[in-house]
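Before I ask anything, here is the structure I am working with.
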Amino acid sequence: MTARYGMVIDLDRCTGCGACMIACAAENNVPPAAPRATWRTGVTPMLVHTLSNGKEGVDRREAFLPIACMQCEHETPCVSVCPQQAVELDKSTGIVMQMPQRCLGCRYCMTACPYHARYFNWWDPQWPPGMEHSLNPGVSVRMRGVVEKCNLCHARYHDALQKAAAAGKKEIDLADYVPACVEACPTGAIAFGNLADPNDPVTLAAKSPDAFRLLEAIGTEPKIHYKTTQAWIRALADRKAARPTEAQHV
Amino acid sequence: MSETALIDRRWIARGAERASTSRFLLWLFPWVCLLLLGIYAAGLCFYYGLNQTNMDNRFAFGMWIFLDLAIIAMGAGAFFTGFLVYILKQTDLKPVLNTAVVVGLTCYSGAVAVLMVDVGQPLRAWFTFWYPNTHSMLTEVTFCISCYLLVLILEYIPVLVQNRQLRHIPSFLVFEHQAHKLVPVLAGVGAFLSFFHQGSLGGLYGVLRGRPFAYRQGFAIWPSTFFLFILSAIAVGPSFLMLVVAAAEKITGQTLVDFGVYRKLGFISGVLLALYVAAKAIDTYVWLNITSPRLGFGPWDYYSYWPLSSTFLFTATVPLGLLPAILFIVPRTARHRGLLLLAAALTCCGVLLNRFVMTVQTLALPTLPFDPFLKYIPSWQEVATFGGVLAYGVIVYSLSYRYLPLFEATKGEAKNVSLD
Amino acid sequence: MKFSRRDLLIGTAGATAGIVFTPVPWKLLGDVSIWSQNWPWIPQPAHGPIETTLSACTLCAAGCGMRVRMAAGFPVGISGVANHPLTKGALCPLGYAAHQLNWHPARLLQVRHSGRASSWPEAQAALAAACAEGPIAVVDGRPGRAASLTLETFAAKRNGSYQTVLGPETQALAPYAAWSGVPASALGYDLENARTIVSFGAPLLDGWGTPGRFTRLWSARAAGQSDPQLRLIQIEPVLSHTAARAWRWVAVREGTQDALAAALARVLVEEHLVKAQGPLPEMTLEQAAVQAGLPIAEIRDLAHAMVEHGPTVVITSDGDPAVAALNVLLGAIGTPGGISLKSKVSPQHGAASTASAKFRATLLDASVPWDLIPPTQGEVFRFAAWDGGGSKADWLLPSPGFLEELTDIPTAPTSATETYTIATNLLAQPQETQTAAQFLRKIDASLADVDKSIHARCEQIFQVKLGTIYAGQTKPVSQFESAAKMEEQLRKGGVWLGESPRNATLHCTLKTWPATSAPASPTDWTSSWAPPVLPPLASKLYQESTVREAPAGRPA
Amino acid sequence: MRRVLLVFGIGFALALIGGWLVFPRVLYLEKPQPFDFFHKTHAEKSGLTGCDSCHVVGSDGQFAGIPRNDVCLGCHSDKLGKSEAEALLVDNYLKQGDQPEWLIYSQQPANVWFSHAIHTQRAGLQCVDCHGNYGESDQPRVYEVNRITGYSRDIWGHSMSRLRRAPGDGMKMTDCEKCHRRHHIEVGCLGCHQ
């Protein structure tokens, strides 16, 4: 049976603590920020955005929106554009796979991604001396000059596969496969599951009226869903509210 | 006469009048400096990586891609003139053919050079040929450009071997005569390849469904921009050629081609430009009213941002599109050399602007609802690298002009070897 | 026949043609691109099988349960322990990258004396000399540990004083301690039973107390509900992360929370919203409202919101008694869902006494926050694993880093039930380092050894037979056949939970409405704010994203 | 004209010789192992039959790889026989308690994820199918490393042309793909990369 792994992220529960970002970076051997790196040149496969209703003072409201690769299911923008098959939509898991060792760093996929979930390694990855001991053996370090993104903690998927094989099972146990950000979220705002399974709680949550997806009209069928009960967030997400200026953003 | 001057003379065709060696070197000097600076800047990018540029994750494509698209469009003059002369038998354009080849060669090789700096892992660039993704417009572009570059080189060699010294080597002369039989074929192949990749360059952005500002519907696998780019490229090609020849005439102070050629080039540019503007207008209408709304984006998602507001749309079409077209076509204006060149310049600017809008503005416009409109200013390394390419172009052209019979008018006695 | 230039050309042509039919060009092309995939200057992760062990985080006093993945003898990943009774599987953001801290550039691995490199023997001699000359102060940042016992006895033997510095959350309980006569460290919040929580600037959702405890609670009972079972009212001048997610955010004017408290008190009492007839502030409602910069209507509404959905508890960030007094009016002391008194198994400590100039030397344990500098003319011996910079200490003594020290973790601040955890040293302690306890035992061998004290604590817990041990599943202490068995569980990352709080016995009486006092960290300690030593990956939060502001950007 | 052909031919021939015979010697660098190890001896003397008596796959599917000292200590608690290798093993490693740094012939690069469990348990492959029968090796093998890539020579295989290779000789991606294709097993890039 082929799975379709996805998430439902509850924006009402996200406190913007950033645990998901750090857990993600630690799991996937993402280097600390280079001295000159900014929010536009950093490598943050999981990135928490700050939303606001644009008002000031007591009327101001803020929310936090984590963005990882949306794992688009349909006409996946980055897959078709890659000139040398470094990106592909995996048949058995629905994961959009980015293969940095194949990538030549043309960044065409980054211009193609409407969610800006792809990151270019502008610098050589560097850790303070000795810190390479803390690297996760399950993930290879990306070199400078290639694009990377969320592969849905593929190292953990590997472990689950291997465990299943050792136990003589064909299917993995979903309990063995929990991405780092999901595991790390202190409020349990991120729910992870198999959208191909109609009874999976995530599948059901994705169907609730509070659930939505970003830029749904573009029609790439992302597998990361969001939900909120707050009208202003929904209005913003559905592009019915004013945008911030760059100054407000940074 | 100094030693160098003597050697220099020996390479120039007998009886051809050229600037004195010292003046020529003086002319080359600044360009060589610029070239060296460019090489240095490129070196920085190779050694330290692309953090030397001001591109970032949002502006993954920057000035380089924009100008690559632009100069490749300009270089279209090469294949299009070849196409006109050999396929459509417009033999009266032959005088500018050599120039066209040289311009094409420099534009394409320059563009490829910059692309090599632009990618993060040039050592792995050949993967595209080994593991090609046939669905990718970029694969199409890579294959066509590299093949066409080969064609251009083959087209250039016959011109090259007409040099006074090289002609002494018998085997070269033999080769040259054989090559001439080949040239029409090359022109044909070149034309096909170029039509194709000019298109795929347009497709590059047209297929980006994730960027509603660039996304276009189209025919078969190709978005409308595919065809628009072809049209705009062949429209601007002759104009650019015209400017180059005019510049050469101005600098050398000689008349190289008669005015009829200008008018013909202009007329071709004008007609195609008119066609283009019409097509572009229809395309824009369809896009704004059907394509874009389907993706949930309306005109105000694009045109409410200063400075890249709707004024761009207007400028691109009217003063830089219609106006030059009229200037080219209407006999009364086309009679004036000045107006003709003005029109050519306007056309080039128009295409520049169009490529800018397609590449840079597309990335500047936010897609995510809570994202701001972003700005980007290229770093000096980016500018310098491109300056290097510009210098490279000028140098190659100057050398070719000096040592090769580019124009009938200034061949000297190399005349007896004509191009057919 | 002689070899001509022409031959050379032809020969080269031949060679060029030939080379194409050898592996040379093709293998080189391939290998060079493979080289670009394994650049020698890019670090490679270690090989080797991965083992997972349970432990507890020692970055702060909270002692969250940790699952540590070890490869080739080094920690390569940290995650929370699902259904851990205290932290519910959550860690704070820093916890997830804590295993990188030992290689932090600021790591301290060399004894330093007034800036210059020195040695342990010299430091030892210096302290011995100091002890001979006069009384010394030993300062402990996390009282109640096995190590604390060593420090305390050392101070006692040298008729010096043993002093404690309490964390902000415990400090915030100081007023109740003063009013009830129970030490602050014995108090906690019974959040699980509260239905309205009024926070005066306490970062409840942002690393307060034991992070997982409240975030999970809030997530289950409050988040995303228009009429939540648990109402979180955040009173704070700025829209903090907590305020952003609170059920209600009240933007009070900077530094006027005591005025707002006074106003609320008046409404509560005058409108008979509370039974208590306690003392009232002199300030009238109007004056208070003007100070706090809030319309009277809103204050009145807030007061009603506070009581309509009880039990209600007020939490302060800095132990401002004027605010704390609201709890007395609300009757939120010694009642379910309020301030409660822990069961009495673990040793309890006096409130923070303060170092003063009379001591010949002051010894700061590594648990004392880096930015706290005692006001003393005497010599300062400071233990630390990381050099936060700008230290006023005469002696900087390198202590073990993360996971390099065997220590126990007593009850977390703000917790209403007692807990006890043991963090074993998963990594070998670098020989350059010593803990304060180890150092003092070098001077006085008769002092208790941490390992032994931990053993003793376990014995004690086993004797009392109270509470339960959680290690995978919950098991009452009484069901353990021996203390050793129980200790083994604890050393493998288990956690002991004490009895439920003894509410009945806690009473606060308020004679007069308390005057505002400055934030209650020990008054004469200067706190020069230095950017904390964070795991390098924290830069993701403040440099590569806009979620948080850079530490350097925070006010001193 | 004949002379031209002759000179051309000589150049051609030299290139072939250089490319096929000299180039491999330049490209690969021989490296010594910590000490000689003989699979065959272990199979015969200690009756350790089957690779899994030393190279174990854990219950969670993790492959232990080359056994660590404690496994060796099972027999080699003190010297067995007089051989130099034996002395090295016991004195330099087992006694000191540090692991020999073996150079692994079939070591895949860091960007490869290979699970022995999946290939042995699910696909039912035997060790020899990929590794060849090292179990019968009775003399120490030479370890060669590619100077450019740092890969073991076994990855490319010993014949530069990659023709006529024994199993275990040549472990490139194409070799994996060949087998996967034969058994119609489709895995994406990240099926085998990490």
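Per-chain numbering from 1; labels A, B, C and D assigned in written order.
By definition in this document, a contact is a pair of C-beta atoms (placed from the backbone, for glycine too) under 8 Å apart; a residue touches a chain by one contact, two chains touch by 3 or more.
All values reported here derive from a predicted model rather than from experimental measurement.
Undergrad: Strictly by the touch rule at the top, which chains does chain B share as contacts with chain C?
TA: Touching chain B as well as chain C, we find A.
Undergrad: Could you pull out the chain whose C-alpha mean position is farthest off from that of chain D?
TA: Farthest from chain D by mean C-alpha position: B.
Undergrad: From the Cα centroids, identify the chain that ends up most central relative to all protein Cα atoms.
TA: A
Undergrad: Quick one: report the Å distance separating chain A from chain C, using the average Cα coordinate of each chain.
TA: 29
Undergrad: Once you find the CA centre of chain A and the CA centre of chain B, what distance in Å lies between them?
TA: The computed centroid separation for chain A versus chain B comes out at 40 Å.
Undergrad: Any idea how many Å lie between the Cα centroids of chain A and chain D?
TA: The computed centroid separation for chain A versus chain D comes out at 38 Å.
Undergrad: How many Å are there between the centre of chain C and the centre of chain D, using C-alpha atoms for each centre?
TA: Each chain reduced to its C-alpha mean, chain C and chain D end up 49 Å apart.
Undergrad: Scan chain A for residues touching two or more other chains and write them down.
TA: 38, 41-42, 49, 101-102, 124, 138-141, 143-144, 249
Undergrad: When you check chain B against every other chain, which residues touch at least two of them?
TA: Counting only residues that touch two or more other chains, chain B contributes 121, 124, 127.
Undergrad: Scan chain C for residues touching two or more other chains and write them down.
TA: Within chain C, the residues that touch at least two other chains are 32, 35-37, 44-45, 47-48, 50.
Undergrad: So that we know how the chains sit together, what is the shape of their touch graph: line, ring, star, complete or other?
TA: other
Undergrad: If two chains touch, include that pair; go through all of them.
TA: Pairs flagged as touching, ordered by label: A-B, A-C, A-D, B-C, C-D.
Undergrad: Would you mind writing out the residues of chain C in touch with chain D in their complex?
TA: Chain C residues touching chain D: 1, 7, 10-19, 21-24, 27-28, 31-32, 34-35, 37-38, 40, 44-45, 47-50.
Undergrad: Write out the stretch or stretches of chain A touching chain B in their complex.
TA: Spelled out, the residues of chain A in touch with chain B are 34, 36, 38, 40-42, 49, 51, 65, 67, 75, 77, 80-85, 102-108, 110-116, 118-124, 143-147, 214-220, 236-239, 241, 243-246, 248-249.
Undergrad: Could you please specify the touching residues of chain D with respect to chain C in the complex?
TA: 3-4, 7-16, 18-20, 23-24, 27, 58, 62-65, 109-111, 146, 148-151, 156, 160-161
Undergrad: Mind pulling up the chain B residues that touch chain A in the complex?
TA: Residues in contact with chain A: 49-51, 55-61, 118-122, 124-125, 127-128, 130-133, 135-139, 142, 204-205, 207-212, 294-297, 301, 362-363, 366-375.
Undergrad: Taking the touch rule as given, give the residues of chain C at its contact with chain B in the complex, in rising order.
TA: Of all residues in chain C, those touching chain B are 29, 32-33, 35-37.
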